[in-house]
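Naming follows writing order (A, B and C), and every chain is counted from residue 1.
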Amino acid sequence: MPKVARLHAILWGVFSMGGFIAAFLLPVLIYLVGIAYPLGLWPVANADPTSAILNHHHLGTLFLFVTVAGSLYHGIFRFQSTLTEIGLAPAKRALEAIGYLIIVVGILAVAYYLLLLNPNVLSLP
Amino acid sequence: MSKQKPFPEYRRKLGPGWWLSNGHFTQYMIREWTSFFVAVFSLIYIYELSLFATGAKDSALALMRNPGIIAFNVLALLFTLYHAFTWFYLIGKVQPIRMGKTTSKPWQALLVNIVLLLIIFYAVIQILVLR
Amino acid sequence: MSQDVATIRVTRYRPEKDGKPYFQDYKVPYRKDMVVLDALNYIKANLDGTLTYRWSCRMGVCGSCGANVDGVPKLTCASFLHEFKGRTIKVEPLSHFPVIKDLVVNMDDFMHKLVEIKPWIIREKESPPEEGEYRQSAEELERYDQFSSCINCMLCYSACPVYGLNEKFLGPAATAIAYRYIEDSRDQGKAVRFPIVHELEGVWECTLVGECSVVCPKGVDPMLAIQKTKILGATNALKSLVMPRGGK
């Protein structure tokens, strides 16, 4: 009896949003913390980019959370959908479970560390 | 027609190297594997944040200066940009916009979104780093 | 007087004799306006009457003559010999389907899926003829028109690696045809069709490889239909979360 896969539909919708996040927000984050800072390229002055971003308590924390959580979700979801295509179909359920676990732990972790770094971010400005 | 199948049908299996046989398929696989770099960079950066948050800022910065990590980050940026461009093109294909008599083409969506990406790139740097 | 000759390398498989398929070469006269189907008909008429293949209209509208020509799913009646490099052309049965004999594949899986999505207008209540016709504007027609061009030739299933790896996948054509009815303003069958297209092996298996739309001989663009159906599925699921009782 065919049944609408409601949960999967929502998970796909979130993946789709994650795709936009990874496309528009991730490049600048990779560039800033991964390339500009270690190689001393523009716009890195003295402070490392993460500290500079976190100095903007609300906007910076929001930017980091959305970018990291969205990209992590998108990346893992998309990789999961290629499992059959790269010949890993038998291990698919196990690998998917691991993938979702990484997503949940990762998103909780980034929220936790950002809250440690900016404890008053949840209070209204 | 009889339900019996006295003679065997020949079934062909698709091997795991199917994506090497066709240029479109190979491009597709590369496009999907951008997800690996997107996910792994996110995980590395979460680790970074954990070092910042637990007072090990120097370790965090040393990690980012590690040459292997820098090399990975360059690849990650290239693959993320490839994801972005192919994503913009796909969005252009599946959500054409009507502009009067004509409908938008995928390459137009690609161009417009690249411009948007550059604006966001610059805006994030201006607002969150330089200020 | 030398005549230009092409070699057609055809898959032969006779289940009562052969354990495995093999290639057989036939030399056919090469004329510039010949299509692969012409070559197959020449072989059957003059060289080997046992060669077995499907064809009908020979003009690209019936969808019967699908085959893998030089590795690409094509209609043999729409593949000119001069399109191919060199004078040897490989003709194999449509990929991802079991082979019954020579170039004839078992279409049962697709036929089953086609019936499953109910390719007809579903009305809650049929209006009597006295009430007149169901009116539809040009804009309403345009929303599904291109998807109604499907000739059920199954080239898209042969092009789709997801279907090749997982036979349970609903597939491009079935989804495109389902979408054609979902978007038809006269149709009231969403409740019947959504569970089929939105089940796990429905559109969610699709990873946007896009080869289906590349090989489609009628410009149906099943990838677009699948993507739009995914968006419908996601928005419906979200709506049902937010408004559990209301909405459809």
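The criterion applied here is as follows: a residue touches a chain if its C-beta (ideal position, glycine included) is under 8 Å from a C-beta of that chain, and two chains touch if they have at least 3 such contacts.
Please read all numbers here as calculations on a predicted model, not as lab measurements.
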Which of the chain pairs holds the record for C-beta pairs in contact? A-B
Chain at the geometric heart of the assembly (C-alpha centres): B
Subunit A and subunit C have mean C-alpha positions lying a whole-number Å distance apart equal to 38
Between subunit A and subunit B, what's the gap in Å when you average each chain's C-alpha atoms? 13
In angstrom, rounded to a whole number, how far apart do the mean CA points of subunit B and subunit C lie? 30
Note the residues in subunit A that touch 2 or more other chains, in rising order. 81-82, 85
Taking each residue of subunit C in turn, which ones touch at least two of the other chains? 161, 165, 207
Where in subunit B do residues touch at least two different other chains? 18-19, 32
Using the touch definition up top, name the residues of subunit C that touch subunit A in the complex. 116, 161-162, 165-166, 194-196, 198-200, 202, 204, 207, 230, 233-238, 240-241
Okay, in this complex, where on subunit B does subunit C touch? 7-12, 14, 18-19, 21-22, 24-25, 28, 32, 90, 93-94
In their shared complex, subunit B is touched by residues of subunit C numbered 13, 15-16, 20-21, 71, 95-96, 98-100, 106, 161, 164-165, 207-211, 214, 223-224, 227-228, 231
Within their complex, state which residues of subunit A touch subunit C. 2-10, 12-13, 16, 81-82, 84-85, 89
In the complex, subunit A residues that touch subunit B: 19-20, 22-35, 37-39, 43-45, 48-54, 56, 59-60, 63-64, 68, 71-72, 74-79, 81-82, 85-87, 102, 106, 109-110, 112-114, 116-117
